[in-house]
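Per-chain residue numbering starts at 1, and chain names A, B, C and D are given in the order in which the chains are listed.
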């Protein structure tokens, strides 16, 4: 892949390779949707069978931090989208800066998440068997915190993965590897990043605002 | 290490090798086994009237399968021979035949729907026990079966039931999944910790019926066997009076896992009937402080006339006062609170065992 | 979809790539922020079941905006739209059929222990590593409920379920065959980690495991006592009244690593 | 990676294109990755087979024969886990599919060659992690990892489920790659209605892989967390629901059955027209049936749970929907037989395997109806009837088709021919051995012998013994195949580029194929099975 305008030997044009890569990423996102689906099913079952559970348990989550994180992720989605636009137009400098802002916003998200987690761990609001809060909340509260930790934890892992990929894209942009003819990795990373945002858009009302 | 291949294991393998050699010496021995094997086809004996109806479905399925299998295989063999590659023979180009394709899509569709309906009708039968069925509680544990009777007796790995009367087994597990399977009755149900499943049957054939554990449960899974004895009227009344039953000696064929019947269980235990044990428990566990059996309301509802009735809950929904509701309410008392009461009962999780809950259930049932 | 029937020259090169205008991106962003605010604001009011429906409707609206504009699905090929939407079809299958069982099962609503036993209330025994008649009695109750099926009520390892086991369950009345000694701390270790076909009873509270250990040592001809060094080795802080693990407030990572390393031993 | 430009004349092919071990380990050539997959899966097939022979030997007589109950439980767990996750799932798609799918669509490679290589190493890592537990306490849960036993067992279930988790990603990568390859890289003129049915089958398989595998990834991950820290979602002792685990597990594992079987059907779809010298009877119906099966496979998982205390409504729905699997399956079976009608049947080894497949798969499919019917499933489930049924489908369906495919494509892969006589005899031994092994198990099951039993009542001895003898026949047959096939690679007669006169694109290039498959991308003008034999 020495030459940036070169396309892999098995595609007959750069455009064909771009279309294939993008479709590959969409298929990957399908797989991601199904990956999270199981947890949403578990969430729904515990919620429907225990109508008061979410009402009791969600009070122990800090909705202000959750809302802040929602805003942070939506902003990062915007900077990512603008970064992709800039890359498509060949404005590499601008694209690099916007990607950098996206990375910083992702880090802000993780820092806020870290404080939330530390607070829960300190209080003993832990998943399942580790649950040791000093007063009973609801018989199924440990299950709620299991779902909470696994869902947000897996989402957090996706954010960390996103940061790694974004950093790689940032380096490549700085090196000038992308042009208005070749920007596949930037656009695909963008798709992935928006998906991370998409998951959070559902997680926030489901976990923090459930009443 | 996986197979723990120590010296003893190697020696054993060597012995086995020698054994095998002598076994293979007579090739005709294998022929003998084949004949014997073929003589054993078919289903186990029919122990209930349901088993006979099951067998008609099964035989229908065998017939149906044999028919379609014959079509496919005869077609394949005939075509392979008739149209074999030979000089001067050319393949005829046929791309398909829509009418034929529709035909062989439609016919199986109709047939499988018939099979489905038949299966569902029979299945409904084994899911609908008569209301007067005698109840026996079953608890699966690694690796034995416990049977609790209403009169307080607990038997291990053997259970006695009357012939010609419906019996309902209410089953739960103490540890992992088990499966309760009586081949002669053609019924089976997984026994799941934290849930109460049931099966029911009405034995028509006197004698011993084999019970297997069918859900893999660890080391001695294949040793988790029990015997179900269907007793005639005289034996059954003897059994109810606590007399020792003289059925044919339990067939304990296994070199491994054959568990001797537990003699001590044959007479009612010192605690009195199951319902009496439950009554004692309700006193020792402090239930009586809030719940009465005479209909007066204290902090919680009275047990009187509660069993089997519909209870209205605080949130307006209703629930049947049954095994599951009782178990749930003992373990998670404030999840489904009866309308008009304050959620204040403490949990008895870890303080009341599955056996004790069964006793309490028998007690609640006895309060009419 | 003739263009994907063959990738022969031309059709792809002429395909004009859609670029999201910056002003459009910012508009979408503002709408998303506005609806985030709406979600939070509306959650203060109690509309009963409608709260959930409104929250999900808003989330779905937001998600659709992100998909259509930020992810460009509106301008993308139909193939990709179909691919992405398929996932939701299958999630629906997954949900509906699982619900058809779990939500209407009459006899199988998930229940059982509400709380992890180690966290269930205050400790009943002070310094459970010391054998007292009370704790031995507690151990007997536990033993009769949990252990007799294999070990037998007299602790001879001949319970009804022992027939199938190889090696045979421990005979507590004999002194031979104890590789690590018969001290209570060792028995607690076995209870915690399991041994051969004996399952681990780590879910029992630590004091219950000690109670069992004290009870089963009583079967033997002699009673071995733990030295302070044994207790320290078993992780007991003798200066305290309770076992340290009763209330776990530490980060679970250590716990997980410990369980993992035990798995791999 | 810019490609090598010096093609040294006729003899240049993918096998001699690069030299040295690194030219294999770091290759991006789909053919070489396919070969690496082939050898690795066959290695695991060997291990899984050894475990199977041990299990069968233990069962030759009641009581203890060669191992203890715990060792037996581990043996059948390893047999199931290895065969399902490491052999049958990747066997046809990742080995034969990787090699032939790009060639059949007339492409130079799959869409994402690096992802393809990554998928191989991910698979290797997962398989290594799972099998390394052999030396770390083993695992005895059965391949289904049902809770709560899998939570409580003292054996090393955590590592095995993480192995399955990792292997899941390999499967997803392969599926993703195939979907995009089929969408984007078809040769000029290769319309959907001219696509070989093997590609159709792999396409449907890939869709299942992408849609279902993430669910098993999540399930195994949750089980791992359940064991590591007790999250209480599946553990009844912590308030969880063990039956929910079964839903999660079978939402993947039922479609996974079709990940195993559909590619096998695809192989048979290639073999039968070629050796009948006649187009596939009802091409469109065949392609639609593949998709029908794939779609229905997602909504029938509950038929594994009829006695699990699942609600009666769910039982009703799942039984009803399961019945409809029989319809597209019937369409396929009838279609294969009808393709032979008025054909010119050539008795070569691949066709013999196709006959064997039809025989065995029909039995497997028909006995499936017994297990889809509620009442009869209640009696037959958890018994040897189920064991026999899924071996008839998986071994009979997948392994027979795989062996057929191996014999069909071996000359293309290596450019050399195997010994036809030996191949035919070995096929006969395997076919007979298979039926001797598994047919008695139907009888055992209907008479009530539960599965996963280390010990059994003496009345079951004769049938078990017969079954064990059969397992030796299969073992001997497979060993024979391995010997003459490996011999063929080195000493076999040179094969022509199209020994079977097939029309699909992989036969329109040299044997073994050129590094980039085709010197010029072919143009397709007709369907895949229009032989036009004069």
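We take it that a contact is a pair of C-beta atoms (placed from the backbone, for glycine too) under 8 Å apart; a residue touches a chain by one contact, two chains touch by 3 or more.
All figures in this text were calculated on a predicted structure; none of them were measured in a lab.
Top contact pair of chains, counted by C-beta pairs, is B-D.
Centres computed as Cα averages put chain A at a distance of 24 Å from chain C. For this pair, chain B with chain C, the centres built from the Cα atoms lie 29 Å apart. Distance between chain A and chain B, defined via averaged C-alpha coordinates, is recorded as 46 Å. With centres set at the average Cα position, the gap from chain A to chain D is 35 Å.
Multi-chain contact residues, meaning those touching two or more other chains, occur in chain D at positions 69-70, 152-153, 183-185, 211, 215, 229-230, 232, 236-241, 243-244, 251, 309.
Residue positions of chain B with contacts to 2 or more other chains are 175, 192-195, 197, 218-220, 222-223, 256-257, 331-332, 347.
Chain C has residues 7-8, 79, 86-87, 90, 94, 98, 102, 106-116, 164, 166, 197, 199, 203, 252, 255 in contact with two or more other chains.
Viewed as a network of touching protein chains, the structure reduces to a complete graph with every chain in contact with every other.
Looking at the complex, you find that chain A touches chain D at residues 1-2, 6, 8-11, 16, 19-21, 23-24, 27-28, 30-32, 34-39, 41-42, 45, 127-130, 139-140, 142-143, 146-147, 149-150.
Within the complex formed with chain A, the residues of chain C that make contact are 7-9, 12-13, 15, 17, 19-22, 25-26, 28-29, 32-33, 36, 39-40, 43, 46, 51-52, 55-56, 58-59, 62-63, 66-67, 69-71, 76-77, 79-80, 83-84, 86-88, 90-91, 94-95, 98-99, 102-103, 109-110, 114-116, 118-119, 203, 247-249, 251-252, 255. Taken together, the chain B residues at the contact with chain A in this complex read 315, 331-332, 334-335, 347.
The part of chain D that touches chain B in the complex is made up of residues 62-67, 69-71, 73-75, 78, 134-135, 138, 140-142, 146, 148-149, 152-153, 236-237, 241-243, 276-279, 281-285, 307-309, 312, 315-316, 319-320, 323-324, 326-327, 330-331, 333-335, 337-338, 340-347, 355, 358-359, 362-363, 366-367, 369-370, 372-379, 381-383, 440, 443, 446-448, 450-459, 462-463, 465-466, 469, 531, 533. Every residue of chain B that touches chain C in the complex is listed here, in rising order: 141-144, 156-157, 175, 192-198, 218-220, 222-224, 256-260, 262, 323-324, 327-328, 331-332, 347, 349-350, 353.
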